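The letters A, B and C name the chains in turn, as written, and every chain counts its residues from 1.
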Amino acid sequence: MSVYERLEALNIALPKLTPPVAAFVPFLRSGNLIFLAGHIAKLDGQPWVGQLGANLTTEQGKNAARAVAIDLMGTLHAAVGDLNQIKRILKLMVLVNSTPAYTEQHLVANGASEFFAEIFGEIGMHVRCAFGVAQIPFGACVEIDLIAEVDDK
Amino acid sequence: MSVYERLEALNIALPKLTPPVAAFVPFLRSGNLIFLAGHIAKLDGQPWVGQLGANLTTEQGKNAARAVAIDLMGTLHAAVGDLNQIKRILKLMVLVNSTPAYTEQHLVANGASEFFAEIFGEIGMHVRCAFGVAQIPFGACVEIDLIAEVDDK
Amino acid sequence: MSVYERLEALNIALPKLTPPVAAFVPFLRSGNLIFLAGHIAKLDGQPWVGQLGANLTTEQGKNAARAVAIDLMGTLHAAVGDLNQIKRILKLMVLVNSTPAYTEQHLVANGASEFFAEIFGEIGMHVRCAFGVAQIPFGACVEIDLIAEVDDK
């Protein structure tokens, strides 16, 4: 199965690229590396507002992280044109909007990590850094940035 | 106009490189990538102390982010010798010292992003990750690190 | 002295690679870059729990950062097979579990930075970004991720 067939089997439609709301770009390529801007969690097209430890459960946070991963996949598709050219999802940085007492950022981050592994298989297995931040733009509950590697051409 | 002419037109003097106060270096090159250490905001040569949501406005935070961008530009100049050799500002990570209720980190970060776009044009347009942190060394209000790409030689 | 002789002179045994507790991998290579996942501080094999500014001193935080650096070195060894092939420790991102009032993240981070300089000399001198985060998985006091460069082959 190709990446697109797996997405379709899961009934996932990749979102269209939305222009950043500020003075930056959604992706850039340098050599074989693709850098994606930080993507915040969205629900029905609006920032997915909330804080883990306050008003969101770990399960909700995990779903939010998965939603971000789907948006990142949409941006990756826009960046490379064909997701089958991705050689490796290299690195995720997963920021979890957290109270000072919430310590399950790794479980929240799994919502994104497991999605990439599910869609890409071995190629989707990445290194990761997940931690709790004081806040995220627009009050979103999760923000993720990503580095991927593409094949030489 | 060259990068230096634009800086002069804005009456901006690049700071001299200041040695890190700890056991690390201000920049490193690997292949075509230049990695800059995290730079904290300074005011009159001292840490620009404050927290967004507590004792600094978004406009003040944006000015602080612009000040960091000028310092980063000074370090980039020291790293490459000639800023016109910069091929692309690739990525900023913008850390905003934030209370748990402050959610305008993206507006603060624009102070840096808009500066790079202003000086470098298209080459200055980067991917970005901005978020709120619990604290920053010396109590500074903003910290930014940067990755740039230089031309092959 | 080789890297391994310096480690032995300091009576440091590199830990065996421990598999991540979540859906990611501990290291990946892309071109000449090695990306390491975020490593949390451990004490006697368990998460080194605590928060700077609350229940840990700067000196304790610095020791925790040094412990993370030793674990990162173990992972680097697993990644490259021979630490003498490391061309440069490029970058550390040092996350310090901090109260909103704690501002000595740079001193905590020195525990890791000084270790890499001690073991690798000039090659161990890196760029660094250190800051205070709201929380870290499992309540750990410090988390660090790392990018290193290896020689062409």
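Keep this in mind: a residue touches a chain if its C-beta (ideal position, glycine included) is under 8 Å from a C-beta of that chain, and two chains touch if they have at least 3 such contacts.
Keep in mind it's a predicted model, so treat the numbers as computed, not measured.
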Inset, instruction - Specify, for the interface formed by the sequence copies subunit B and subunit C, whether it is same or different in terms of residue numbers shared by both sides, with half as the dividing line. - result: different
Legend entry - Superposition rotation for subunit A onto subunit B, Cα-based, multiple of 5°: 120
Inset, instruction - List the centre-to-centre spacing of subunit B and subunit C in whole Å, with centres computed as mean CA coordinates. - result: 25
Legend entry - Residue list for subunit A, restricted to those that touch at least two other chains: 31, 99-100, 133-134
Legend entry - subunit C - residues contacting subunit A, complex: 20-28, 30-31, 35-38, 51, 93, 95, 99-100, 133-139, 143, 145
Inset, instruction - Spell out the residues on subunit B that touch subunit A in their complex, using ranges where they run on. - result: 31-33, 53, 88, 90-92, 98-107, 109-110, 113-114, 117, 125-134, 147, 149
